[in-house]
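Would you mind keeping the following structure in view while I ask a few things?
In order of appearance the chains are A, B, C, D and E, and numbering begins at 1 in each one.
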Amino acid sequence: MAANVALLGEAPFLILQLLLDGLMIGAIFAVAAYGMALVWGVMNVINVVQGEFVMLGGFITYQLTLWGVSPLWGVPVAAIVLYFIGASLHHVVIRRVADRDMFISLLATFGLSILLQQLMNQIWGGDVRTAQSGLGTWFLLDYTVTVSQMKVAACGGAIAIGGVLILFLKRSRLGQAIRATAQNPRAARILGIDTNRVFAATYGINAALCGAAGALVVMAYSVHPYIGLPYTVRSFMIVIVAGLGNLPGVIVAGLGLGAAENFAGFILGVQYQVAFVFILLVVILVIRSSLLQRRRQFLK
Amino acid sequence: MTLRRQPLLMLAVAAAGVALPFVIPDYRAQIAMLWALVIMAQTWDITGGQTGYNSFGNILFFGVGMYASVVVQRDVGLDYFPGLVLGMVVGAGIAAALAVLLGSMILRMRGHYFAIATLGLGIAAGEIAGGWDYLGAGSGLSPPLFPAPPGTANLFFAYLFFGLAALVFVLLAALYRTRFGLALNAIRDNEDKAEAMGLHTGVYKVTAWTMAAFVLGLVGGAMGNMLGFVDPRDTAFAGATFGVWMVLMAILGGKGTLWGPVLGAVIFHITQELLWTHLLGWQRVALGVIIVGIVVFFPQGILGWARTRWPARHEPREQGSERA
Amino acid sequence: EAQAKVEGDTVYLGAAVSLTGKYTTAGEHTQRGYDLAVKTINDAGGITVGGKTYRLEVIYYDDESTPARGAQLAERLINQDDVEFMLGPYSSGLTKAIAPVTEQYGVPMVEANGASLQLFNKGYRYLFAVLSTTEQYLASAVALAAELAEREGRDPATLKLAGAFENDPFSQDIRAGVLADAEKLGIQVVIDDQLPPELNDMAATLAKTKALKPDILVVSGHSKGAALAIRQVEEMRVDVPMLAITHCDSADVIGKFGAASEYTLCASQWAPTLSYQDDVFGSAADFAATFEAEYGYAPPYQAAESSAAVLVFADAFERAGGFDKDAVRDALAATEMQTFYGNIKFDETGKNIAKPMVLYQIQDGAYVVVAPTRWAASEVRHPTPPWSER
Amino acid sequence: MAATPPGTGPDVPMDFETALSVDAVEEAARELAGEGPSRDDLEALCQGEPAIDIRGLRAGYGRMEIVHGINLVAGRGQSLCLIGPNGAGKSTVLHTIFGFADVMAGSIQVGAKDVTRLASSRRLSDAGVAYVLQDNSVFPDMTVEENLLMGGFLLHRRGAAKQAAERVFDRYDRLAQRRHRRAGVLSGGERRLLEISRALIMEPDVLLVDEPSIGLEPRFIDMVFEILADLQRRDGKTIVMVEQNAKKGLEFADIGYVLVSGRLAMAGPGDALLEDPEVGRLFLGA
Amino acid sequence: MSAQLAIQGATKHFGGITANEDISLEVPEGRVIGLIGPNGSGKSTLFNSIVGYHPVDGGSIRFEGREITRLRTAEIARLGLIRTFQQTHVFVRMTGLQNMAISDAEAGHGLFRLMRPVSAETRERAEALLAFCGLYGKRHLMAGELSFGQRKLLELAMALMVRPRMLLLDEPTAGINPTLINGVIERLQRANREFGVTLFVIEHNMRVIMSLAEHIHCLAHGRLLASGPPEALRNDQRVIDAYLGAR
């Protein structure tokens, strides 16, 4: 461990490289986290299928490349397909569990998550899939630092998606309905807002965001049927750190998490990278909860 | 479940527990697993059902017990059975100590924050074990072979887990009749009010979780030996299987009831075995469908559903007007 | 009590394989290897035991890539399905979970995908492995590096090695083998990373590699590790003279990454170009052709070794002249045969000592055997030119 | 008849003069009511063409039936007040009119339109029914102005909602002063005012109001009733309200209905009920 | 005689909102004291501060001579200072009797004392108090199945089960049928007189507060506006302006 820290000192370009790589994966986490924040805030559902939506987006994009379509089209196509998948899942399952104990929806979405994992495993097989975007690589500092153009595009795309989402919620009619429903669903209903459709749309938008993220993932990294959990868990962490209803905070937290994780993997050894993330999650929860306790409030 | 029929039912289950390994000897391994699952569901329900603290990370204690027991057997140099017993006890002790330590920190969180914190702990534990060479790191550990002819190992574990399940059941039945049981329910129903009435809620929550941890430590300690191989992520800290199943079984049967977790575990285990046999490769798709089905159609569990269906059957209810 | 599972003219073998979960891909190769051998044997009239001919059939369960499930399924195969002969699962971890069960019941198991050396120091009597054990996987790569260094007039002790190994029983064993070899040759290990199973980004390890400039980079992590390594080494332009990995063919790295996979060294249990042969499949190349005709892709070695396991059982049944478990076990222990997959002879611990590993290099878009010298089809291309020149 | 409590220790006195049981009140009310008012009695109370007409309504939540076959008619521009003990089903009747509860039998007609099976999100747009809920229903993180604009969510032109909001601000200075504040920080009375005026943006014909005075300080209670009176007299709205403060409610309303255990026990003009000694004893706590 | 509950300069802010500002008042032992004031004037906030729900920003609170400003809710409750809630809080999935059993402070809250079955005495006292509050016939019903008014009564019975030294009641009659209100008033008066429980009551219902309280404090905008006996307060111009309105 000390050796790793020393190495950072000897080869400072590593710091830049780790930071860039961390920020780029962090941006993708952030997109999935937007969706989770939305569904959580509006419907009071913690959506555990988040990662599987990302995975589906990746497979859809991969399928496009098999048909000879450029994977860059995967971003809009996966988003649209996932929107409809999300809306139908809402119709069949989520709508029936959403107004119950939150724990019930947690379990229901968990069930969906293993269902989708296995379904994809049966359909596409368990293989690792990637899609070549055809974009190249930039080199900085005399070839020591490499920046994949695809990852930069993914990062930029993620931030742009976030911006569009914030504007959409603020300005559009559906966005307003979503905000109103989030704050008081009953009141929204007495004003003639069809909250069920708002929920379906919210859930669909969430799925679409994840689908877009998945398209970026398959181009910048890789997908396979069991890739979901890390995205779900990281979305959750990001939302907790940023605080519900704080979309700009989500992107900052996402980038921060990506970077922190990368540095932790480097310094502690990659085998402890995942442990680090989860312990960080617990530590953040404990700290937040004891700060609140001082004011006699609770994380709930 | 009427109160009057309880002893009869318990007698029936006890008879089944004693007789089954000989009635269907080919299924001894499954019978042992069944009772182990029953215990997992029962212990999950102490916090999840009775106290309203839904944990996704109780698998932590199971895994700790499993590793502790195998390491004790490996390093202490006792014979098989003394080693196993010592290992189970040490594992349970460590699990309980961890529950006290971690519980006093994270049981302050409420609702799903607690659930997620426990999930994080469970996964982190698996990852740490997977990186720790003393515990065999990613290669896992192999416990000693059972020192008896084939088939007896399963017989032994079937009775061990049955005995433990029965003991846990009886103890919990007694516990839930005390005011401590009521205090747990009070926390579940309205923790603010429980505090406002002067209850030491923090102490009770930690105690409840510690009880669950202790028993799970025992189960894990024995389970490692029964399965014959300890893998950090897929056996010991198997959040995606045992970890979730215990929650599911309790909910399926009816959480917050004495019989619910037992019933849930039995139905779940049998269903799952059937799926494995008949739906090769698709069994987890089916499992997903079943999970969703359970929470959509039986959110109160089978017992809860039965109760709304046939409401008159439980608890004596006196009609008649009170004194004016 | 359980009767031997030989009904009429059918002999049943039991197997738990990974049809779902993280080993799905390789599990499928395994299952297809078993199926193909069974089909080929049956089509050729089955096996003749004690003057009577029998067909083979395999009873499968899905172990979901989890050891706990695997152990239970072994119990179930033996107790409920009354299977008396087992084929192995995929991966060392699963084999470790199942072997104690088969051992308890004295059920012979021939396995083809559990390479961990630790399986063979437990004193198991009923476990037989047709494949070479883990310490051999990348030993030839490390030895090759040392040899090449000497040829260049360099002391092998000045070499630096970087390793990234998935944190599972198989790769951890490989790691142990590589570290031991490095120590023996005096090679300095500068990176020793253990990749978590859920990792999908090796950037941190590769950045370190760039900083430390090792002479050899070794990566082991099933199919996913292979794909990740090739992709990110290219993307990050990591210049390393020698890259050696496992699971090239099962991950189909040539198909996925094309030119980026050039120069990569791949450890393999088997190659279609080897000159072994047997009566059932013919030569190694014949097997490859049969497999490709059946399943539409070239057989990865996981499939080949699985087919070989069935051949070993068939041979042992015939020599045992019956289906008594212990007689079959003894026949297995006495195996000495050649198959399309290689020579097979078990030592007293049950591992195959008659077959070496081979080392491929990807040259001009094809797998070419470069070591050991006996089968080398071509000279190794070394060092890998830097990315700026490729 | 009564189950006597055992062990009534010396420290718990048991000689009370006053009743303390919902059941006791219900029992008495049921005796008083006998069969309850007939459909004809109710129609007689309705003046002009009915703006809302409920026939034989059975409704509840899920499988549980709470309202057991009631009729209700109120004419255009009339106000009707439902009173009754806790848990009688008063709020459930309003819920049912707006489609928040499950109808098991019967029909609900608003104006000329049968709305029994209409989705609740379309009752405002298609039938002109607006609802002021018993508990708080503002959007706490939106400003007062945004809340009013949400009241005009169904208006497809944004300008129209804006104009309607301006009219509200012209009328109620209290709200105008606070138009850019978050609604979450309003006081109870201001919040009630906002809820009522928001319900009026779409110019509904029928206004359902659940316990306008609950939790309000005395001054606000008067203010809210003034607003309601204004709406009825000046704008000719039909108002159906539930009020636990039965005295206030009956003083205000043209028609009073007494609901007991999901059934109509009595009905009559508001002032007549107010003077009825039995009603006074049972519901006004006189 | 020094007051049982003494509040000195209690101040509480929520973000920019001042909920309580420098409130000082006393509640003498054995009396019934009222607290009135417009909506949002900080009445519930003051109660919350007293029972340790949230700490005050400034000032001190003493109960029976003991500083309780920084104590936690449960500790304060164990001193015999119990509150009820504006929205009812009962244990909805437990029966009335169970609700009472767990409220029995005399049977003990220590872990070991809890690990015993419910004693006969506890049960008897619970039944008697349920009868006192008119709920004896419903003692086996889940508290969640009770009507709103009945839950309020159950909450009162639970509070009495603790044998509190002082009860803080937050709008005990809000949402209760006017006829039943008379019954509640009588029960409260008896509890005060015969069990010797000090009562500190928030109410908007003037009829209730005037017939119950011996002394009333009125808050407005988070500050103490006026104090005095009911009659005096009813005619206090400041109170009329801020709260009661012209009659």
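List of remarks:
To be clear about the criterion, contacts are C-beta pairs under 8 Å (C-beta built on N, C-alpha and C of every residue); 3 or more make two chains touch, one makes a residue touch a chain.
Because the structure is predicted, anything quoted here is derived from the model rather than measured.
Between chain C and chain D, the least number of touch steps comes to 2. Looking at chain A and chain C, the chains that touch each of them are B. Farthest chain from chain E (centres taken as the mean of C-alpha atoms): C.
Averaging Cα coordinates per chain places chain B and chain E 41 Å apart.
Averaged Cα coordinates give chain D a centre that lies 29 Å from the centre of chain E.
As a whole-number value, the distance joining the C-alpha centres of chain A and chain D reads 45 Å. Look at where the CA atoms of chain A average out and do the same for chain B: the two points lie 32 Å apart. Residue positions of chain B touching 2 or more other chains, listed in rising order: 127, 130-131, 137-138, 281, 284, 318, 320-324.
Under the contact definition stated at the top, the residues of chain A that touch 2 or more other chains are 118, 122, 269, 271, 274. Residue positions of chain C with contacts to 2 or more other chains are 20, 167, 194, 196. Against chain C, in their complex, chain A makes its touches with residues 4, 7, 10-11, 13-14, 17-18, 21, 25, 118, 121-122, 125-128, 130, 137, 139, 143-144, 146, 148, 221-222, 224-227, 229-230, 262, 265-266, 269-271, 273-274. Here chain B touches chain C in the complex through residues 25-30, 33, 127, 130-131, 137-140, 142, 145-146, 150-151, 153-154, 227-229, 231, 233-235, 238, 241-242, 276-277, 280-281, 283-284, going by the rule given at the top. Looking at the complex, you find that chain C touches chain B at residues 2, 19-20, 60-62, 64-69, 71-73, 75-76, 79-80, 92-93, 96-97, 99-101, 103-106, 116, 118, 122, 166-169, 171-173, 194, 196-197. Here chain E touches chain B in the complex through residues 51, 72-74, 77-78, 82-83, 85, 89-95, 98-99, 101-105, 107, 109-111, 113-118, 131, 134-141, 158, 162, going by the rule given at the top. Against chain D, in their complex, chain E makes its touches with residues 17, 37-40, 124-125, 127-134, 136-137, 147-150, 153, 171, 174-187, 190, 194-195, 204, 206-207, 243-245.
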